[in-house]
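Take this structure, written in structure tokens, and hold onto it; I'll ask about it next.
Residue numbering begins at 1 within each chain, and the chains themselves are lettered A, B and C in the order written.
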Amino acid sequence: MNSPFQLSLSTIAEIVDARLVGNPDQLICGLAALQDAGPNQLSFLSSSQYRKYLGSTGAGAVLLTESDAGDFPGNALIVANPYVAYARLSHRFDPKPLAVPGIHPSAVVEADAQVDPTASIGPGAVISSGAQVGAGTVIGAQCFVGARSVVGSDGWLAPRVSIYHDVHIGDRVVIQSGAVLGSEGFGFANDRGHWEKIAQIGGVVVGDDVEIGANTTIDRGALAETRIGNGVKLDNQIHIAHNVHVGDHTAIAACVGISGSTRIGRHCTIAGGVGMVGHIEICDNVFVTGMTMVTRSITEPGAYSSGTAMQPAVEWRKSVARFRHLDSLAKKVQRLEKELMAVTRDSQGSSES
Amino acid sequence: MNSPFQLSLSTIAEIVDARLVGNPDQLICGLAALQDAGPNQLSFLSSSQYRKYLGSTGAGAVLLTESDAGDFPGNALIVANPYVAYARLSHRFDPKPLAVPGIHPSAVVEADAQVDPTASIGPGAVISSGAQVGAGTVIGAQCFVGARSVVGSDGWLAPRVSIYHDVHIGDRVVIQSGAVLGSEGFGFANDRGHWEKIAQIGGVVVGDDVEIGANTTIDRGALAETRIGNGVKLDNQIHIAHNVHVGDHTAIAACVGISGSTRIGRHCTIAGGVGMVGHIEICDNVFVTGMTMVTRSITEPGAYSSGTAMQPAVEWRKSVARFRHLDSLAKKVQRLEKELMAVTRDSQGSSES
Amino acid sequence: MNSPFQLSLSTIAEIVDARLVGNPDQLICGLAALQDAGPNQLSFLSSSQYRKYLGSTGAGAVLLTESDAGDFPGNALIVANPYVAYARLSHRFDPKPLAVPGIHPSAVVEADAQVDPTASIGPGAVISSGAQVGAGTVIGAQCFVGARSVVGSDGWLAPRVSIYHDVHIGDRVVIQSGAVLGSEGFGFANDRGHWEKIAQIGGVVVGDDVEIGANTTIDRGALAETRIGNGVKLDNQIHIAHNVHVGDHTAIAACVGISGSTRIGRHCTIAGGVGMVGHIEICDNVFVTGMTMVTRSITEPGAYSSGTAMQPAVEWRKSVARFRHLDSLAKKVQRLEKELMAVTRDSQGSSES
């Protein structure tokens, strides 16, 4: 991808508050990894495993730390955290189309909806009665915003996002395509074998600076609200059930499922494919590794896991067969311990005699 | 969420067939949990773990059983099953917007589609040639209903639902946003390393009183139909492959994947994250616990599981390392048993001598 | 499903290059399994487990191999690979509606988008600035094609597919409803507890003859492209993270999650529910069984697995409890081995004395 943007190294140094060692007039048109970058591209060294590419990189300039800069003969932008500097700078080279403020003629906006004049409503989008869209926010093509729902300022909804009624979204929130917020959670009372539906009358509250991935779904609360804290980052295809709370600055990777009424703390990291049962509490600063089944509350910060490691299938089948009889194996070992103790006692007894 | 609705306790008692002990004129405007409810809200006691909140609840009235009612000084609505009574009542306090009958001017309805005059077709929805929409059914904004597909009466499709062609949906079916019914299943014949696509020419048949969650996908049959029975409840992000049958009144939680041609019985409960291989049969009244890998048919009712329990990651890594060598561990134990038997025989022999 | 199509056996024999034994004028109107087929339907015998139905089938004709044909008294179409022949033929009996070339009046096509006159753009679809749609390609209702994205020739996008900007899709690509290509991947730099978003400025490149399932999501690259090779088949609800490469002719079943920058080889088969960590490489011709957690690179072709097998829950709980203490069990066995060796030595010593 070529970016239509062009910045001088002196401008870039200002943007990321870097000390520039090299040519301030060098023009940069894009970003690339060390091993891929050309003379008009900027790169970064954020991990020692990539240092091997530093000597041979063709990059026009590199973001690096003071301690790494010594090795580098090219243009260097010296910063405290090159990865964070790259993150900040990346938005200057994003080819994502800019939306034009205003309402596309094919959009359907109810008369009593409030759309800020600086907001953009894309083709085919629907803004329902009583909904509000804040300043600078882009509602992509074919999005649906339900009755009385609020999308704060400076947000971006990619095309084809569904927001049901009574969903409150903060400022600077990004929602990827296919995501659904406010869907009716899985609430049914079992009446002699038949499932009686429970209306889901709560809403969803999403904080500021939240990111929600493609095809992720967040159900509305059964009675009160489902809550996503400030700075929370949700990857693709995540399921957040009704009444869940996710604490501030927690990051959840793709394909995670969180069951109803579970509370997750602040600054947690939940890896991909994790499943959590309902009605549990996860404290702050917990890291759950990939595909873990979380079946109970976690009260101590730290890393948690379940599952088994990958093996060649032939070997794995043997492990699996033994796993099914693990209890009897453990009992055998207990019996062996007792019997051996008896033998030892006997033989000691006989040798003592 | 405040509900615009207001009902007297005498009316509520009639709706749920309750015996009222207390003030029949007390007005109720909403529902809440015991610990959250205020004087204009109704609550319920459905599980003994919440009985502790009964003494201090601020609820204007509580749904409870005869046996729990004795403890309660406030307005009591005495019913056989408070949770079912709450489920029935909840719909009276649902702030979900009511759709207006008729076809929105921005919807595209083919000339030979049959839309009941009491049905509602939302903005941007597409109703294809030969499709039928029944009485009282709401097709949400931006939904797609394919050729010859039928949606029965009194159903609700949330915005942005896809129904392909030749999908038959019963009465009172609710489908959440982003769900897809009738997509082409994963059918390919391997022709010397290349995959040759098999057209998916069957349809989908969905019974009455079914609920389908957000972003759930149900593939059409390869030759015959994929079938979802009456009263089935499907949560979010479920994958139902081609030719699957799900029996009446079975409930499936979020993130479950069912592979092709598998048959699930009636009144089963499949917890979140379960995966099932194809071409197996699950009998009636089976409960599969969360994230279980179902690799064979189940012929006896009961609960089934797989996986391992969560541990701190440091301990888990040790378990996992041992799991890989479980077969050799079991063989060691067998060897130990033999050797110990030999020793015991010897020592008995020597003591007998 | 009844197909409106009708072909004679002689025509069918020509299409699939079969030797016909029987009546060339027999008319076939549809396809069905051996046990379901009627006199106007064609069936096939592709696996020995279905041979039992051959004697009693009511099919008007059967696709079978030379060696199976001997047993069969009815109309036989003899081919080298009946399943591949059925695959090729199946498209002649597909009731999927044919799209009319041209742009639906309700579609929004930017002035500088290039749509081939033989392509079809469905109701409510949006084709953005600089996008291209090739000859014979069908863009379904309510699809979104982003700026500068290219969809090749003879493809089919089902209704409600999202293609972001700068996504390049080859020829004969089929994308099911709800799929998302080019969404912004999960890239954040942690700045003292807060997540700083990294713009995702790479694109997506999809080869020829690719199939992408319903609600599958493919993130765009962070810097370079996410790449899906030729002939790749992706089932429903798959998550492909940024920078992933999937090799030619690899098939991935439903609910699989592939983390960022992982490279999968050619001709691999990844079963349902598998999860892969990021930054690993899977070589060609690998088969990963269902729900496996792939935590490291695979350098040898073959089958790989993780997890445990399903048990009745009561027995499973015992296995799980023992799994948590597997390391201490293994250590006990080591201790037992040593102690027993000592006892054996002693008893041999004493018997030798």
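Rule of thumb we're sticking to: a residue touches a chain if its C-beta (ideal position, glycine included) is under 8 Å from a C-beta of that chain, and two chains touch if they have at least 3 such contacts.
Just so you know, these numbers come straight off a predicted model, no measurement behind them.
Superposing the C-alpha atoms of chain A onto those of chain C requires a rotation of 120 degrees, given to the nearest 5. Shared residue numbers account for under half of those found at the interface formed by chain A and chain B, and the copies are therefore classed as meeting with different residues. Rounded to a whole number, the gap between the C-alpha centres of chain A and chain B is 25 angstrom.
Within chain A, contacts with two or more other chains are made by residues 106, 124, 142, 160, 178, 215, 237, 255, 307-309, 311, 321, 323, 325-326, 329, 333, 336, 340, 343, 347, 350. Contact residues on chain B toward chain C in their complex (touch as defined above): 106, 108, 124, 126, 128-129, 142, 144, 146-148, 160, 162, 164-166, 178, 180, 183-184, 186-191, 193-203, 215, 217, 219, 223-225, 237, 239, 241, 255, 257, 259, 275, 277, 287, 289, 292-296, 302-309, 311, 315, 318-319, 321-323, 325-326, 329, 332-333, 336, 339-340, 343, 346-347, 350.
Those residues of chain B whose C-beta lies close enough to touch chain A in the complex are 1, 3, 30-33, 36, 81, 83-84, 86-88, 90-91, 93-97, 104, 106, 122-124, 140-142, 158-160, 174, 176-178, 211, 213-215, 231, 233, 235-237, 249, 251, 253-255, 267, 272-273, 290-291, 307-314, 316-317, 320-321, 323-327, 329-330, 333, 336-337, 340, 343-344, 347, 350-351.
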